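When the chains are written out, they are named A, B, C, D, E and F in that same order, and each has its own residue count from 1.
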Amino acid sequence: MDIAFATLLSPMVLFFLLGLCAALLKSQMSIPEAFAKGLAIYLMMSIGLKGGVEMSKNALGQDVVLVMLSGIALSFLLPIIAFALLRATSRLERTDAAAVAAHYGSISIVTFVAAGQAVEAAGLVTSGYLVAVAAMMEVPAIISALMIVYRRGQKDSAIAGAERGELAQEVLLNASVVVLIGSLVIGWLTGAHGMERIAPFFVEPFQGVLCLFLLDMGLSAGRGLRNGWRLLGPATIGFGLYMPLISACLAAGLALLNRMPAGDAALLITLAASSSYIAVPAAMRLALPKAKPAIYLTLSLGITFPFNLIIGLPLYIWLAELVTR
Amino acid sequence: MHIRHRLELIIERMATRRACNILEAAGLTGYTVLPALSGYGRGNHWNRDTDLSAAGDMVVIVSVGSAGAIETALAQLEALLSAHIGVLNVSEVKVLRPDRF
Amino acid sequence: MHIRHRLELIIERMATRRACNILEAAGLTGYTVLPALSGYGRGNHWNRDTDLSAAGDMVVIVSVGSAGAIETALAQLEALLSAHIGVLNVSEVKVLRPDRF
Amino acid sequence: MDIAFATLLSPMVLFFLLGLCAALLKSQMSIPEAFAKGLAIYLMMSIGLKGGVEMSKNALGQDVVLVMLSGIALSFLLPIIAFALLRATSRLERTDAAAVAAHYGSISIVTFVAAGQAVEAAGLVTSGYLVAVAAMMEVPAIISALMIVYRRGQKDSAIAGAERGELAQEVLLNASVVVLIGSLVIGWLTGAHGMERIAPFFVEPFQGVLCLFLLDMGLSAGRGLRNGWRLLGPATIGFGLYMPLISACLAAGLALLNRMPAGDAALLITLAASSSYIAVPAAMRLALPKAKPAIYLTLSLGITFPFNLIIGLPLYIWLAELVTR
Amino acid sequence: MHIRHRLELIIERMATRRACNILEAAGLTGYTVLPALSGYGRGNHWNRDTDLSAAGDMVVIVSVGSAGAIETALAQLEALLSAHIGVLNVSEVKVLRPDRF
Amino acid sequence: MDIAFATLLSPMVLFFLLGLCAALLKSQMSIPEAFAKGLAIYLMMSIGLKGGVEMSKNALGQDVVLVMLSGIALSFLLPIIAFALLRATSRLERTDAAAVAAHYGSISIVTFVAAGQAVEAAGLVTSGYLVAVAAMMEVPAIISALMIVYRRGQKDSAIAGAERGELAQEVLLNASVVVLIGSLVIGWLTGAHGMERIAPFFVEPFQGVLCLFLLDMGLSAGRGLRNGWRLLGPATIGFGLYMPLISACLAAGLALLNRMPAGDAALLITLAASSSYIAVPAAMRLALPKAKPAIYLTLSLGITFPFNLIIGLPLYIWLAELVTR
């Protein structure tokens, strides 16, 4: 309860709510796309660097590898569960359902970052390598979802103008993969010493920048909801609320198996429960252009992201403490 | 002045490269891509600021070329637009340096 | 290919929503809004970077539709342009999927 | 004198002058609009948060409410005076005069922020709730100016394509109202404790960001002047210089009545003397599109803003100390 | 409605002022400058993000005017395009308020 | 060796390499132009201010004036050498060769900044006035290159639409000249006292911002290389690698003559060795529009900048220590 309350009253969440309300009230205010995109790159560099520096402090053991494999497995597995649930409960078409499923197997970096703050506020410690796990969980879900679609020989004849390898390029070298993994490696190479001189930019202002970014996310989520909610039936909206919980439980099981410490477990659970709204949408436009973006964007950014940020985080921390006690 | 055709293709940003590949393959000698801010089609509004992923952004591709090259491109573009979001139109224009188009 | 009309409306950004309302009310099935950087008209220059409020920004709205829908829109747009800063022009274009316009 | 000198030699004012000179010398340099708009949102978040934290420290008494009412009254009243003066002295048309009047009743957040810095440098203290007063003074002037125009039954038949409530939406939910009030409430809710972790972003770099922003304002003001000065007759330019002084005197009277401390009085005086160049121009484009933007923008940003920043601020502080002694 | 000509000049951003000077000198009553994102011509691709100096950016200048004014501008623009990177095309459009163009 | 290794493993250089690799691998990621341009202005304000504050601490003596004159002389002289070498070894046309030559006579601010960091890391101290030298070295090279082209009466009849003085305006009042010189003067006027309050923005985060900016430079350099390398023959590429060394040796000679301290000498050498990729390309588009931008941009940003950053800097520091021992 205390954690829930503290989360809800953090400036971070309040700025998100401010943006959400402004957009729902039809305010025309906006944060320029170029500025928000710049901040997003800053945030990814920052967590990459911090994760890398943490990793440079300890040798990586077998436990780390096991958690990484768990993350990858989750990212592969969750879209299959998600797809089955969507087809069973909602009226979404195959392609739409697969596209949505890809989002829920993949992850949201901002949710991960917010979890990091909440976990820290709850007095738990986390390991740097979870950033690597986050980066590794971005892509498998996309492959998994495409396999679902193409399984029944439904592979489109190639789309006009498409180049070989363009999807791999987009998926493996998108901004978040490049910046996260790149910064992680740089942090790991340069260690605490290299970090010292750049900490006044990458460490100290981090939480403030996050507030500004979440204001923008609130605006986007609110506008997405206003434009797109009519496309979502109650079954689909329901999915956006219960799917994170299913993912969280599966991840909690793996955390238990891997005997992860509570802070790390909370992060893994959050990664599983979070859904992508930047990298996967872009990939879906290339790979499954017929899937309707308004459905997966509205669901992921308008329903699941706020749910995770406001209600999910305290829950996942509680769950993590439960399974690691 | 010489008569050429002007193609205006409004298409989602993520499909820009595919569209441009088609134009180049059709023998068009040039094109220019412009950003769009917002738009409306088939009952939906989109807006650059709504969409954090920018996956929903649209661009406008303008290409001036010979009737033949535009014709060649149109068939492929029609196929592209059966998968991707977008519309196109073609008009007649005059140019000064005919060898450039 | 089928003949349609292409409306190009250059208007101040603050009036975008009003213009778009008019287009939708006239039965146009779509439009796209593009940003402008600078311009000149009736002796005045404007520039996006001059104006902190961005209240002076202009946009270009492109809409392709049937002659009838464009006609309907024009009367209202003329009224809009009596209050707001802007100009418009209409041309003939060809489209592939006539049901879309 | 000392204050005047210190103000003039502050990096803030010098960067404004740098931008002004560069633009007047026709330099093509510019700060990207998206970047400047991002900085503007940062500045508003920052002063909102700081104001809110200050407010959370004391219960709000009757005196606060009285100052707020004074601010609102000023915002309503000043456009009436401004309009009368403009009609009497200049050749501006009714609509143009009303539009200009709206700008002078409303406020400039950057002038307010610069005043905050100058007041602090002068060794005075200020209260956080003045940020709330600033937010409250933005809108009444617009209503007041529209009432002037529409009084004589001159109300246009509705503009083609206009929606009901669009003006209210623009005016009550524009970026500065949303961000200022929102951040104020967030600062007030989370208090000094919540502020701690975001201070490295929102507090410490504030003055530096202000320098960068003022460089951009200088460029805008200079370019506005170069493009628009021919539209301003000497009477209109004169108005841009004496109107702030009239407003300042009225505000000083109210400060005296309310027995405000010197720092707060200086801020209220500055708010009254300042004129809008972001929120009101946007509102005028919707509400009075026939008013010529080049007139009100050039006057407010090109004449009054530099006057206030360079000459006004020390004067207003001196006036505040005079009436509160 | 009245017939006018629409000039569309795609040119490097650094030459914008020169092109606009030519348009004004030719008696055109207005023009609008739009940003471009990327493009292709004579075997080269350009992209706004490739070029830190932004010296390679292109813009699109649209100007609607009388046949005579456009004609006058064309000769000078042809000279400009012999030095600067860019292409142009002209088409026929209809306008509502003929005195404005 | 140690310095070389430290430079190569600095976060700054690693982020550059990250961007370079991402672009060469055809990643579509990008940092928005508006954001990067904003950061560039920040970096120039920051070094201008720091340089100005340093300068305010000591009276400027004759030695300073001599170094400034040396810088200006280098900027005039280097294009002549560069042009002769290019014409003798490569197949570049006159205009292209002159345009390239202008770039190598002028300077790169980011290389200068990176050198400042490396010099400091090497335990040397530098003087603030070198920032002024940097600003002064931007323009003479342009004049020199234009004189080469126009010498043989090849002056084009004026380009259609060109205004008198537009080139001077562009060259003398471009963003880097205005911001560098302006900030230098402001730093010098306000001194250490004025700097105090803006240091949390302009000083502490500087190195972090530089990392983000270098990521963008890496992306630009990589994309430039991918698009443009076919236009560069081996002789031209070779020029991009040996010309900096020639310039460095000349500058080292002048440093010796002027008896500069090692840190300052390293900066002067770096300035000479660096080549412009922002100010000069823009000037060339106006003054020599027929020169092919793909050639000079690719060479300067794609070849020489990475060479200087990775291999050049340790070399120049070593050279500076050699000639000042």
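By definition in this document, contacts are C-beta pairs under 8 Å (C-beta built on N, C-alpha and C of every residue); 3 or more make two chains touch, one makes a residue touch a chain.
All of these numbers come straight from a predicted model, not from anything done at the bench.
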- [ ] Determine the shortest chain-contact distance, in steps, between chain B and chain F.
- [x] 2
- [ ] Compute the centre of every chain as the mean of its C-alpha atoms, then state which one is farthest from the centre of chain C.
- [x] F
Task: Chain whose Cα centroid lies at the greatest distance from that of chain B - done: D
Task: Chain centre separation in whole Å, for chain E relative to chain C (CA means) - done: 19
- [ ] Could you put a whole-Å number on the gap between the CA centroids of chain A and chain D?
- [x] 40
Task: Cα-centroid distance, chain B relative to chain D, in whole angstrom - done: 44
Task: Residue list for chain D, restricted to those that touch at least two other chains - done: 30-38, 205
Open item on the list: Residues of chain B that contact two or more other chains, please.
Closed with: 20, 34-35, 91
- [ ] Let me know each pair of chains that touch one another.
- [x] A-B, A-D, A-F, B-C, B-E, C-D, C-E, D-F, E-F
Task: For the chain A and chain D complex, residues of the former touching the latter - done: 9-11, 14-15, 18, 22, 25-36, 38, 204-209, 211-212, 215
Open item on the list: Show me the residue ranges of chain D that touch chain A in the complex, using the header's touch definition.
Closed with: 32-35, 37-38, 41-42, 45, 49, 169-170, 173-175, 178-179, 182-183, 185-186, 189-190, 194-195, 197-202, 205
Open item on the list: Residue numbers of chain E touching chain B in their complex, please.
Closed with: 8, 10, 34-42, 58, 60, 74, 78, 81, 87-91
TODO: Would you mind writing out the residues of chain A in touch with chain B in their complex?
DONE: 30-31, 33, 36-37, 156, 159-163, 166, 216-217, 219-220, 223-224, 227, 277-279, 281-282, 284-286, 289-290, 293-294, 297, 301
Task: Residues of chain C touching chain B in the complex - done: 1, 4, 6, 16, 20, 23-24, 29-35, 59, 62, 64, 91-97, 100-101
